[in-house]
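As written, the chains take the letters A, B, C and D, and residue 1 is the first residue of each chain.
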Amino acid sequence: MDELTTNPYDDDKLKEECGVFGIWGHSDAAAMAALGLHALQHRGQEATGIVTTEEGRFHAHRALGHVGDAFASQTVMAGLRGHAAIGHNRYATTGDTILRNVQPLFADFDFGGFAIGHNGNLTNAYMLRKQLVRRGALFQSTTDTETILHLMATARGGSVLDRVVETLRQVEGAYSLVCLSKDMMIGVRDPNGVRPLALGKVGEAWVLASESCAFDIIGADFVRDVEPGELVYVDGHGLHSVKPFAPASNRFCIFEYIYFARPDSVVETRSVYEARKRIGAELSKESNVDADLVVPVPDSGVPAAVGYAAASGIPFELGIIRNHYIGRTFIEPTDHIRHFGVKLKHNANRAILDGKRVVLVDDSIVRGTTSKKIVEMVRAAGAKEVHMRISSPPTAHSCFYGIDTPEQEKLLAHRYSVEEMAKLIGVDSLAFISIDGLYRAMGGEARDPVSPGFCDACFTGDYPIALVDREMQGNGGGLSRLWEARA
Amino acid sequence: MDELTTNPYDDDKLKEECGVFGIWGHSDAAAMAALGLHALQHRGQEATGIVTTEEGRFHAHRALGHVGDAFASQTVMAGLRGHAAIGHNRYATTGDTILRNVQPLFADFDFGGFAIGHNGNLTNAYMLRKQLVRRGALFQSTTDTETILHLMATARGGSVLDRVVETLRQVEGAYSLVCLSKDMMIGVRDPNGVRPLALGKVGEAWVLASESCAFDIIGADFVRDVEPGELVYVDGHGLHSVKPFAPASNRFCIFEYIYFARPDSVVETRSVYEARKRIGAELSKESNVDADLVVPVPDSGVPAAVGYAAASGIPFELGIIRNHYIGRTFIEPTDHIRHFGVKLKHNANRAILDGKRVVLVDDSIVRGTTSKKIVEMVRAAGAKEVHMRISSPPTAHSCFYGIDTPEQEKLLAHRYSVEEMAKLIGVDSLAFISIDGLYRAMGGEARDPVSPGFCDACFTGDYPIALVDREMQGNGGGLSRLWEARA
Amino acid sequence: MDELTTNPYDDDKLKEECGVFGIWGHSDAAAMAALGLHALQHRGQEATGIVTTEEGRFHAHRALGHVGDAFASQTVMAGLRGHAAIGHNRYATTGDTILRNVQPLFADFDFGGFAIGHNGNLTNAYMLRKQLVRRGALFQSTTDTETILHLMATARGGSVLDRVVETLRQVEGAYSLVCLSKDMMIGVRDPNGVRPLALGKVGEAWVLASESCAFDIIGADFVRDVEPGELVYVDGHGLHSVKPFAPASNRFCIFEYIYFARPDSVVETRSVYEARKRIGAELSKESNVDADLVVPVPDSGVPAAVGYAAASGIPFELGIIRNHYIGRTFIEPTDHIRHFGVKLKHNANRAILDGKRVVLVDDSIVRGTTSKKIVEMVRAAGAKEVHMRISSPPTAHSCFYGIDTPEQEKLLAHRYSVEEMAKLIGVDSLAFISIDGLYRAMGGEARDPVSPGFCDACFTGDYPIALVDREMQGNGGGLSRLWEARA
Amino acid sequence: MDELTTNPYDDDKLKEECGVFGIWGHSDAAAMAALGLHALQHRGQEATGIVTTEEGRFHAHRALGHVGDAFASQTVMAGLRGHAAIGHNRYATTGDTILRNVQPLFADFDFGGFAIGHNGNLTNAYMLRKQLVRRGALFQSTTDTETILHLMATARGGSVLDRVVETLRQVEGAYSLVCLSKDMMIGVRDPNGVRPLALGKVGEAWVLASESCAFDIIGADFVRDVEPGELVYVDGHGLHSVKPFAPASNRFCIFEYIYFARPDSVVETRSVYEARKRIGAELSKESNVDADLVVPVPDSGVPAAVGYAAASGIPFELGIIRNHYIGRTFIEPTDHIRHFGVKLKHNANRAILDGKRVVLVDDSIVRGTTSKKIVEMVRAAGAKEVHMRISSPPTAHSCFYGIDTPEQEKLLAHRYSVEEMAKLIGVDSLAFISIDGLYRAMGGEARDPVSPGFCDACFTGDYPIALVDREMQGNGGGLSRLWEARA
């Protein structure tokens, strides 16, 4: 089963692609944005940027790498003058044009400057881009977000708000946007509300952020979530709200609760930590097993394991220790090191595991590459039985709404049954939470196929927003070809 | 109480100053050393180095920063040829001469090259250095370790081993050394065995490491600890052991169990994780309190909190979330950011804490700077009561045996009673484990003042090894002045 | 006269803003381009770039700094695949957006990719840009060159060539362009032929370059200059030439002969070195003086000094030595260092100058900042008399055709008479070549005001191409304001 | 003749290995030292350092690279406090230990700190080093200069001066030293005075420098040369002079006049520029030829070419143009680029050379690699005849006194006669100045073999100082082996 070999950097997780932040009316706006982005670092670790505005002028700094490094320089911070700022973290692509893709994007319009940061993914951006290029638009980045800027540039509407609305009526997909013009900050979520966006306040300043943990770090109070299909803007007169789109069903990404969001965040009125604990408890009810220890795969499996242990009465133990010193570069993975693979990040706690029957709790299995190695390591440390429990249903479908997923062919759950997976991974038993169990843990009943209330396409294949570009590409479309050609 | 303000990088911990590793007889010695040092990264994060030997030649690479970065380059690794290697992690000093201090140190003798890595601290190095300089020795670093090299250079003994023994009979202090000549690898611990050193084996190769977690990462088996006062060497004939020093009482550093060592390590035959859990359990017996939650200060407080929760029956919860993305540089701590201080690293999990009576478990309080901020944050998140429980006795004395401690005047426990400390930190109650409770958790009786079996000087002021240099300096001694003068 | 203080980096020269290079049909196109750009380094030292094309794909590398550094990496060069390449050197502006301005610029059109490198300056780019922005164009750089790309994007013509011609008919100014599409390389000069562009051949490959010295370095033969108003293109069928513009008078920049071009280049059929020597000889005829030595201000004054010495019979001597080790950074100019100013680059050769009457030959005086310091230094070395001779007429007007000139108010010759300048600079006599003398040195008669045959606007104020944007800006125009606003 | 292929970075010159500078009694000593080292950059381009002293403390900064870069940082300069400074430029070796070799070296003695910068090379350093190591000395660098420090450490003498003198009486070789203790600055030349050292004054401050051009840049006055065998020191009482060595004949390096020193320097009372002109004139007398042009190989051949042209009446022309933009890195020398070789640095000025009989003037031929390429290039530019004239005698012997020379086997003049060399290089005629002509140009008679007055060992093989280490190494000595073994 060579497809399950691993390299030390692969943690076999889906990746949230972005986090956004905005603040309006604060004397230290850029520093607040940097702190907020630091709290949102888990939503995008490869690039970051902040744009501020000050009396009609705009200042920007964008960089590859972590927030802390990007904004460590006093000179950089001193240049980001102004009372308002938006910022963005990105799980970036690679290549020559990479800095052009780092957000917030910025453009000069006849009404002045305009910056935008985007969490999510548009599903008809390539179709729109082709039309725009045919009409003479010159694209500079390979991001879907630039399509929004070009639509705004060619919109008929006069005011900034009119142009934003006219533009968003043309795009489809998942988006939580923060925007900045010289006169206002805008926050908006797509009609289905796939990605999160919350509203807070610190003193007189209004704040927008992907998750509430970004409010905590700057001492802001959580006010409420921006609603699906709602556009809020803050200007000299305060906060305004409009709902310019046709109503649609709520389809908030359920995976935010399983893995993406930080456990100390509250998103869409639910505590992420408590949701995970409830999923763990539900999982223990669905697939309990006689065992000596509940051991999380750290760090993401910990809250579900706490819930599992409490519900099952089996003791919670740190049977796997994580080494947090692993950075961006590491010892070149020679054959020897590749062989030790997962141990660069994790080590089994032999004193705890030896001779024990272990319930291993993890949040998901994507390609399965890491799980197999973890299990081997736990067995080598003396575990007598290994029962793996996963706090999500099998991930059998790709996401097109802002999450970096492997192609469907690479998803273990797309190719194998649970029994086959158990064998491949080498466990004594393997269980995923059921889709209905997951909905129950969210506080409801079993999943309602007509109106499930969440986007769970990665588990069910039920895509709430049409995949326009994907169908074009299926017909020999050229998005990737066009983008490769960029110099 | 302004002395309790904090900056975001201060985590108010004592710092282990070094980790050492050695391997003899392995075709990929340098890669094994890099992996081992990675596992020992927690023992020294500011500089690292490896020296290898190959047919009488020596190759070295030393760098500031983490192991992963220092040995990421294939060119660097390819240059570290040879079947034997020793390595060192260092919690480094700063300044112009910094690279000269990065270990392993190396010197050419008439018998050939010799490299040495040292965990610990000599207590008569400055006195010896003064004598050596008077006799014409030129020192190049400001480390006590270089004194060992100069003593070897001027030793009468002919063989490498004779010189090492003759030298070590002159030095006093705490040391676990790994040494490398073209013909042998040496490992040795001071007569009291203050710092750890363990012996392992992978295939035919012998391995030395500060902790057993460095064996796990390379798949080596733990063989035994090197004994206090024992010198082991490995050459073409295999492993040898000698005991060249007068016998002395065992005084292994008890703080290794409280904080320094990794929880997945076994040191001096005890599992660190289990020791911490037992300390937590003992602490709960000594100073239980009626509460709703046991919350660890992550990451170091977690095992004791698990033990405390299990023993007390109060639920274990992740009430504080740690942000692991904080790096070496960060947003310049302006007043605003300084104000948010500890939040760059930690965030309170409000959904869990709000309205609750909380037992906060941490491993130690050094200057108290961080504790106060943590408590404020936990209260701001709604905690009704905060009871702090510390899994070590009050740290009231400085360490001179290889741990970076503030001057005694800065130690909170030196200046205040437990009641005063509780008030300063702002908790409803504060309790430290008793010194006898700590010894009980180690599996014994109450502390025997005549032969305690551990070094616990930082709690008791009972220093097992004479502090020669310190007394000289007290009399206007000039170590620091001499060292400042270095260009 | 505090305006004549200097800093060590100021060499008080006008700066050519760009050099261009192109090659079509060579198996090692990118390496040839890098060599050609290295030979053209004097035409732009702050940024450089190469774009190649390979079976419809384009590859690019752009960087700040010198050509040698930018293309030193084998990885970079290996990525620049393809049989055709264009390149550009730039005297760049500073700031956050700087990399977006580095040429060649590139855009995706519906016909495919298109790259462009531009030497010169458009005089109506801002007016066109305003119109384009009003129609929905999003500009990404602050270069006038991007206007060309947007005009092409919105042109009606179908073929690449049609679009280029339609575009160039709308722009005014000075331009020598090299362009690259997947099917052809284009070279074109503006109707007045202000900036140079030459055509060469190496083997079967056609080459375009700003100066012939770029042919020499790759062993290419000079074929001919591209003519003013001529567009040449090379495709699978070979070289083609079209003249799509209304005929106009030749106005080649005469300053290329005085300073910009390399002395080993032949531009517009004249050897630059010989032209400079003839100017020196003419200058000696016009303003001879009884003296002991002719001393050039190195390096640019050397050829004119050789000509002056030969014509006057006064010995040529290296009375000033240049230090070529001065780099991009240097010892922070503290007051002390500022005081020594010019000496970082030049030193007087006291053994030669002491007690002598010296004719100092330089090519131009712009703000006069350096000249004063040079004269002081020469006098301090013992020169009895200092007579300065300048191989250009007084520079009294700014250039808007691709040369970086200070504002007119800063030009010494705009503010002072020659007698006043002599006094300010501190020389015993000062003479510039006359404008008629300059034309005679070019091989003709005195300047014909109706049809001078060269652009000499910086001396005469006779601007051959209308300054559209400049007049707009005079009326409160906003080019700079718009550009400052870019984030 | 494949040994004459070239690479673009090879300029086939001998390399001066060091320059030194010192200043005592100046409020801005470090800045003065940085400027002086900048003026001496041609004497060592790969590393540089400054040590200052301030009330008994010493501050140092050493770096690889050019002086301008090394001391560009205000922080670095601000740290170099004190009224006295010494500095050093180095043509460095490569490898891991490189920074340990960058001078000035520094050591702590019982009398305090002591720094030393050395131009020259000791000829018995390895022998002394072996003795010192046997007695327990630990060497940290691989430079001969460290031997001086160890001898001082073990000297019996009490005062700094006594130790320096006792030490220098043991060493042999060529040395011009600048030294700094907290109480004095010392300058000293070896008894034969092989390398230069001059004394200057600026205000009340005394200055030492390898060449007078370092005085010019800081506005210091040249006072006199330090004499062979003289030791000068400056302390609170002013300047003192002692002559502690047995008298010896003057053997100043004659190659300093031919190539090493800057043309604007005066060394040993002679103007370097005038000496070169006189050599050129003498060369023209010895080996005149009927020709159209005298063309220097720039930059070093220029003064001799000026002298040759003036003496012969043949016009001086810049027939070869040098590109000064070539830096430390460059386009990877692929086969194509290697083929163009020398053209990266030089280009023939075809307009001048075509159809002409050319006298090419260069200062020396070492391995001949560049000369052949230059001649090919000049011929390809149309030269009808090429006559090469060299302003030094054939370089047939290696230097052991501080100049980087290839092994003798690689010296073209060691292997071939002048006729053979002419053929290999491809010239119509080749002539070197005769050794007697060279002495005449120095203002004397033909060379006196008994007391030549200069060191000319590279031409004559007459080595004035015994080559102790070299003879040891010839007998299987181990300097290089020991050095390689360093980690």
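Assume contacts are C-beta pairs under 8 Å (C-beta built on N, C-alpha and C of every residue); 3 or more make two chains touch, one makes a residue touch a chain.
By chain, UniProt protein names: A, B, C, D = Amidophosphoribosyltransferase.
This is a predicted model, so every value here is computed, not measured.
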(request) Taking CA centroids for every chain, report which one is farthest away from chain D. (result) A
(message) Between chain B and chain D, what distance separates the C-alpha centroids? Give it in angstrom.
(response) 50
(request) Indicate the whole-number Å distance between the mean C-alpha point of chain A and the mean C-alpha point of chain B. (result) 37
(request) Could you tell me which residues belong to chain A and also touch two or more other chains? (result) none
(request) Report the topology of the inter-chain touch graph, choosing from line, ring, star, complete and other. (result) ring
(message) Can you tell me which positions in chain D touch chain C when the two form their complex?
(response) 28, 31-32, 34-35, 38-39, 41-42, 45, 66-69, 71-74, 77, 213, 216-219, 262-264, 266, 271, 273-274, 299, 302-303, 306, 310, 315-318, 321, 323-327, 329-332, 334, 336-337, 340, 343-344, 347-352
(request) Quick one: which bits of chain D touch chain B in the complex? Just the residue numbers, please. (result) 51, 56-61, 96, 99-100, 106-110, 112-113, 115, 133-134, 136-140, 149-150, 153-154, 482, 484-487
